[in-house]
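Labels run A, B, C, D and E following the written order; every chain starts at residue 1.
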Amino acid sequence: MQDNMPILSLIAFTPLIGVLILLFMPKTQGQWIKTTAIIVTLIPLILSGWLYAQFNSNLEGMQFKEEVPWILVPLNKEVQGLSQLTSFFFEFKYVMAVDGLSLPLVFLTALVATMAALASVYIKKRWKSYFIWFLLLETGMFGVFMAQDLFLFFVFFEITLIPMFFLIGIWGYMDREKAANKFLIYNGIGSAIMLIAFLILVATAGFGQTAGENGVSIHYSGDLNVITEHLFQNADSYVKQGDLEGNPFFLSEAMKWTLFIMLLVAFGIKLPIFPFHTWMLKVHTEAPPSIVMIHSGVLLKMGAYGFIRFGIMLFPQQAVGLASVLAILGVINILYGAVLAFVQKEFKLVLAYSSISHMGIVLLGIAAFNTIGFQGAVFQLVSHGLISALMFLLVGSIYERTQSTQIDELGGLAKSVPFISGILLVSGMASLGLPGLSGFISEFLSFLGLFETYKILTAIGALGIILTAVYVLRGVLAITFGPQKPSLPEMRDARLIEAIPMIALVAFIVVLGIYPGILSEPLHQTVNSFDQFIHSVVKMGG
Amino acid sequence: MPELLQQQLTWVNFAIFFAWGVVLLLVVLGFVTYAIYFERKVIGWMQMRIGPNRVGPLGLLQSVADVFKLLIKEDTIPRKAERELFILAPVITFIPAFTVIAAIPFTDRLISSDLNIGVLFYVALSGISTIGIVLGGWASNNKYALLGGMRSAAQMISYEIPLVISVVGTVMMTGSMNLRTIADFQAGGFWHWNFLPQIIGFCVFVIAAVSELNRTPFDLPEAESELVAGYHVEYSGFRFAFFMLAEYVYVFAIAGLTTTLFLGGWHAPFPFLDFIPGIIWFLLKFSSIVFFLFWLRATLPRVRVDQLMGLGWKVLLPLSLVNIFVTAIYMAIAM
Amino acid sequence: MYSNNYVVVTIFLFLAVLLPIAALTIGRWLRPYKPTESKYTTYESGNEPVGGGQVRFNIRYYLFALMFVIFDVETVFLYPWAVAYKQLGLFALVEMCIFVALLVIGLLYAWKKKVLQWTSI
Amino acid sequence: MEPIRLQLSDLGLLAPELTLVAAAVVLSLLDLLLPRQASRTMLGWLSLVSIIISALFVVLYLDPAEPKQLLNYSYRIDDFANIMKLILLSGAGLITFMSIGSVKEEDIPHVGEYYYLLLPATLGGMIMASSGDLITLFVGLELLSITSYILVAMRKKNAFTNEAAFKYIVLGGISSAIILYGMSFLYGMTGSTAINDINSALGQSGQSLLPMIYLSFFLLLAGFGFKVAVAPFHMWAPDVYQGAPTPVTAFLAVVSKAAAFAVLFRLMYGIYAVGDMMSLPIHQDVLTTLMVVAAAAMIIGNFIALRQTHMKRLLAYSGIANTGYLLVPIAVQFSMTHYSNFSEFAFYLIAYLFMNIGMFAVLMIIERSTGDEAIKGMAGLYYRAPGTAIATLLLLLSLAGLPISGGFFGKVYIMLGAMQTQHYWLAAVMILTSVVSFYYYFGFIRQMFMRSEDEGHAVKVPLPLGITMWLCAGVSALLGLVPQWVLGYIERIFSLTQDLFFFS
Amino acid sequence: MGPAAAGLATPYLTLAAILFCIGLYGALSKKNAVIVLLSIELMLNAVNLNLVAFSKLGVHPGLTGQIFSLFNITVAAAEAAVGIAILIAFYRNKGTTDVNEMDSMKR
């Protein structure tokens, strides 16, 4: 393939093409629709695999960059006449690129999406609209991880919102509408706060001027590069007059803190950080399993990704200043999630709280502010994505057979459905961080990173790991072993279409656990540069 | 009088104005008394009757006696009537009738006031009388009175429009709404009088005026055979007298207005007759109009109510509008 | 002083108010007062009056009032125009033509909708 | 001094307006002469044609080398006016179009009148947009208002309609009187009714007249607040929207509001916020008041909308909230770094126009098929008429301000303006209340997609309504995808000093 | 002229203000719909008084105010006509002109 091929757009918009195809298929052709949808999700998976292979791990910064002007609004002709400006415009670009941070997440998205599409066998009604929303959601997720323009990022971020609303609201369980509403409002508020922060950034740091042939050209841009550049490298060269404080393009310290907190809250809701997590429990219990796979496997990662990409990279000084708070928040998440997971009777809720707990580990890794910690955080993102996707796939298949996910009502599944139970055991082991599986690497790295800075917190956080082992074992073992409940109906073991995604996911978990280099290699350079960048900025400022 | 109006207001001047007002009031009252007498007499003659002839020589005191009778007659207000409005209605009808006379110039010198919006003043005030009539009909709390009052109001407002618009042509030609200026504009022989170039306007004006006065052939509000006596069924004594008074004061005012607007005011029909004082000419024209009104009453039958409304809206109003544009085009060409 | 004209008008107004007051007051002194019940009943051609006097009357009256308002207000614009017509010239005529034409359309509308046709009462 | 007169040649400049006048006259005569039983649909088409011709004339005058004016700036043909006129005309055109064949005789007894009364109402709006003088402005305003009163009262057998119409005329009359009272003070202070004269006269002698200037401002704000239905003055909107026939409601919600906004924009800047007035303290107070009012409108509109079950009432409150959004670009003033107030305003107004008219088209479809104006009427729409549901979804996304839609970009652009002038709190209120609005807009979606799946009750979509709905949905989406097509054009032709301020 | 002349207008302005307030109060609080419409007319006439006072006795006397008031009169007439027409339609449906009866849409 050629170099100038828009591989990222291809990945991101293949699902959209799938949507178009599906639109013209009669809705009675359920089998065809399903097959088409799965094939459509396979294409980005293959492409992102190719992308992974093509990615040059030795380069810093963004690769596979595609840049097209999108919204370009010239400004009032009067103003142009008044001064020597040649052009004066707003500019939102379509910029897509990946670096070591987003690449694994893109691949994760593609993988989980395919798996979820396979897992959609449990969906009983309205195939056509289900897959249309599903594919739209996939496009949104890819876009979020690739967009390099604030506006574009926001657009993709919001695009994930709407299909999720429908997918929860139409195909969920009993209380689906409430769950959908809760999801919408919480995430709406989150993205609203994010939008405010972004717009302030565009209106201040996004301002730039370039000398052209005929005069000066001034523009407001949402391009992440431009904003980063203006924030750090030569902030004052963009402000001609000396008085920095009064200048509208200058972000004061207080403003920077405000923006950082806003971004923390905005992405914290998505992540979710402790006080903002309630919506996510509802979604985990009410959404159909295949959608929870995506939600837990990818959507939560968007919060972490956004926080790293925008919160930390744009406001490193503030982030480092708040590192201890972040660490404490992380520990709270771990312990809170773990403790509550321990007392749940509903298996889905156990998993939901465990997700909170695991996302706390991501926060810990970030809070360490060293390369190991970052690596741990990203590892945890990927690993948790795989594990939780697998877990919910299993939940789906169990529910399919037993019509229940209450731990009390299940038991002794190992006898009747050995394959599913085996996979459940494996995923439980991965979740509690058994060495050799992916969970171990990520937890280990995160705690190791944090240990360099906050030793006591690390110790407390590690307590959570023990708790994790307890609740996971309790839940998994109660389901698989023990006496078989007489109320349970006859069951048959996993069909081929269920087994494929299970095996695939397990395979990735194992590969990541045994050969972490596959992930750390592309990550390495990026994390290093992040670390250097943060430290240089902090040193400069402090 | 014009000089006095120019001067600073002093108590003396004020006294003169007041005296003039009182004199004019007496003149108007005298006019009303004898207009009624003459009306009866004239109609009598026209209908081969003698007319009033008992009270005083030739019956000259007949109207005086009538007035006196009304004055000493018992005055009843029906129990169901809205008392305050009932009392107020005839007064409201009368006030504008007399006040509009302030705008009419009798001769060059003999004017009450020199309003530069004289026409508008007349039009604006005379409209108020309608309210008095509706009020009287309403306050009586009587079906006949109410219907009579409404019908009367409908008629008056319907004819007020052509009346008002027909004057516009005159105003255009003069370029002023001051009645004295309008009269002055018609100096120098009857061919300068407005009724010739404004013949459409004049006709519309006269017809509408007759209707405004609720006189035959347009005296439907008082149609005895249909509505007993119209809006003043319940009125008796001097309250009733004020409705009648108002009607005849309006006759005075309309006659004066017609003279001023269309018949050259105090100007002689031929320049060589200028030696005769203007007031004589004015009175002559004035009297002939009053006579014309009596004549109409003796001659014409009453129109039907639907004919009445149809005439006002479908004939007179378009005609008066046509008059304006004919005048305007004529003037544009002449300019 | 132009305001003198209005002094005169006020005097006329005053006299016009005074006359009824005076006449009615004098009348009160002169006229007899012998009330009986039947004198105070509403007149209905000698019959016992039926129902209230303030009956509902035809909507047509209201329509005429509306028409009156419209055309009366038209004259508000016609008069200043008429006074100034000599100075305004032909274009003013065109403008007034448009204005009046619109109102005439209103009249036609009323005509066609049979507003101007008087049916009983 | 030679008096300033209208010349015959000036009539050419008035071609868009005169087209509508002539069309209204011809249509009313046609309606009179047509036999009673004859179908009036033809009148609707003719009315549409006249609106299109008028719009073509406006397009012809777009982007003049220099703004034209009549009668000493009492009537201005500049790009501000032209753009507003195009918006008004397209709104009126769409509403006329969607009424054709879908407005039932038994619903509106005089369909002919309905069609040709829309024309003078639009004309009133156009006069307002063009006026540079208080008298012209007032005449335009009343032309629009009075015809709207009649339009609202069109279904005269319906008790709701009567009630709505009476409320509308009473509150409209009061607001007109309040506006006039404010204008009378402006006139008294300056001896002129021309906006630029008032501004310069006030600028010179403003210090001594400060209390009166404030009084006039608050009176005008209250009056126009009524007309645009902004928060403390919004009480009439829900009732009137509910009682009026649906296309008329659309007219009120879009055309009427846009026209009032055009005036508000002109007056607030033309009188209080340019020239010497900028040195007076009132300048800042005016803008602050506008911001507070805008915020109040957003908060009240969005929160009360949460409790509505009737579709038109809900859209009324949503309209109030949108009024708040539209006030923001007016309130944040121009600054050295922010000149795009008008394009922000115009863009959002265009987006608002399409999404709202689209919504009303949907409403009419629902009304016709179920006879139910409650939100419940939409239940299961997706299964009964999937196409309609999808179009509605697009419109709702735009209304809620979710990408990719005109509503979204419009809001973002307005907020960006607020950011540039550092009114962060206002932008925050704007977006947070938008999130609140998700709840009730998605209430429609919940009804359409998640309730009552019976497919028996088919929905018939009349062609004009369907076309209008899809057109609006399409344009809404397109405005979000390529906003620069519209925005770029506005920015290119709109000149701040020539078209809005009166330096000439 | 000057401030002295403006002082002359004060009684008229005060009267107008009082009329305006009475009108506003009446329009918002009266029970009978006809009175409500009348109150609105009162408000409009208060404005006319204001305009005419300013045009004759204001700081900058001129004819504009009177012209403005002519337009107001016209508009007020149209508004009253439409208002009463609507009221009649209402009366025909409901048999009352009581403003308090107009609450069928509050929910």
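Here, a contact is a pair of C-beta atoms (placed from the backbone, for glycine too) under 8 Å apart; a residue touches a chain by one contact, two chains touch by 3 or more.
A quick note: this is a predicted structure, and the numbers were derived from the prediction, not measured.
Engineer: Which chains are shared contacts of chain B and chain C?
Structural biologist: none
Engineer: Under the document's definition of touching, what chains do chain B and chain D have as common neighbours?
Structural biologist: Shared contacts of chain B and chain D: C.
Engineer: If every chain is reduced to the average of its C-alpha atoms, which one ends up farthest from chain C?
Structural biologist: A
Engineer: Look at the interfaces A-D and D-E and say which one is made up of more C-beta pairs in contact.
Structural biologist: Looking at contacts between chains, D-E has the larger number.
Engineer: Taking each chain's centre as the mean of its CA atoms, which one is farthest from the centre of chain B?
Structural biologist: Of all the other chains, the one whose centre lies farthest from chain B is A.
Engineer: In terms of CA centres, which chain lies closest to the overall middle?
Structural biologist: Most central by this criterion: D.
Engineer: Return the distance between the CA-based centres of chain B and chain E, expressed in whole Å.
Structural biologist: Roughly 33 Å separates the two chain centres.
Engineer: Could you state the distance in Å from the CA-based centre of chain C to that of chain D?
Structural biologist: Comparing mean C-alpha positions, chain D is 41 Å from chain C.
Engineer: Roughly how far is chain A from chain B, going centre to centre by Cα mean, in whole Å?
Structural biologist: That pair's centroid distance is 93 Å.
Engineer: Would you mind pulling out the distance in Å between where the CA atoms of chain A average out and where those of chain E do?
Structural biologist: 63
Engineer: Mark out which residues of chain C touch at least two other chains, giving numbers and ranges.
Structural biologist: Answer for chain C, listing residues that touch two or more other chains: 72.
Engineer: Where in chain D do residues touch two or more other chains at once?
Structural biologist: In chain D, nothing touches at least two other chains.
Engineer: Would you mind listing the residues of chain E that make contact with two or more other chains?
Structural biologist: Each of 78, 85 in chain E touches at least two other chains.
Engineer: Between which chains does touch occur?
Structural biologist: In this structure, the chains touch in these pairs: A-D, B-C, C-D, C-E, D-E.
Engineer: Which residues of chain E touch chain D once you look at their complex with the stated criterion?
Structural biologist: 9, 13, 20, 23-24, 27-28, 33, 36-37, 40, 43-44, 46-47, 50-51, 53-55, 58-62, 64-65, 67-68, 71-72, 75, 78-79, 82-83, 85-87, 89-90, 93-94, 102, 104-107
Engineer: With touch defined as at the start, can you tell me which chain C residues reach chain E in the complex?
Structural biologist: 59, 62, 66, 69-70, 72-73, 76-77, 80
Engineer: Name, in rising order, each residue of chain C that touches chain B in their complex.
Structural biologist: Residues in contact with chain B: 1-9, 11-17, 19-20, 23-24, 26-28, 30-35, 39-45, 49, 52-55, 57, 60-61, 64-65, 67-68, 71-72, 74-75, 78-79, 82-87, 89-90, 93, 96-97, 100, 104, 107, 110-111, 116-119, 121.
Engineer: Where on chain B is chain C touching in the complex?
Structural biologist: 4-9, 13-14, 17-18, 20-22, 24-25, 71-81, 90-91, 94-99, 101-102, 112-116, 119-121, 123, 127, 138, 140-147, 150, 153-154, 157-158, 160-161, 164-165, 168-169, 171-172, 175-177, 228, 233-234, 237-239, 241-242, 305-306, 308-310, 313-314, 317-318, 321, 324-325, 328-329, 331-332, 335
Engineer: Name, in rising order, each residue of chain C that touches chain D in their complex.
Structural biologist: 88, 91, 94-95, 101-102, 105, 108-109, 112-113
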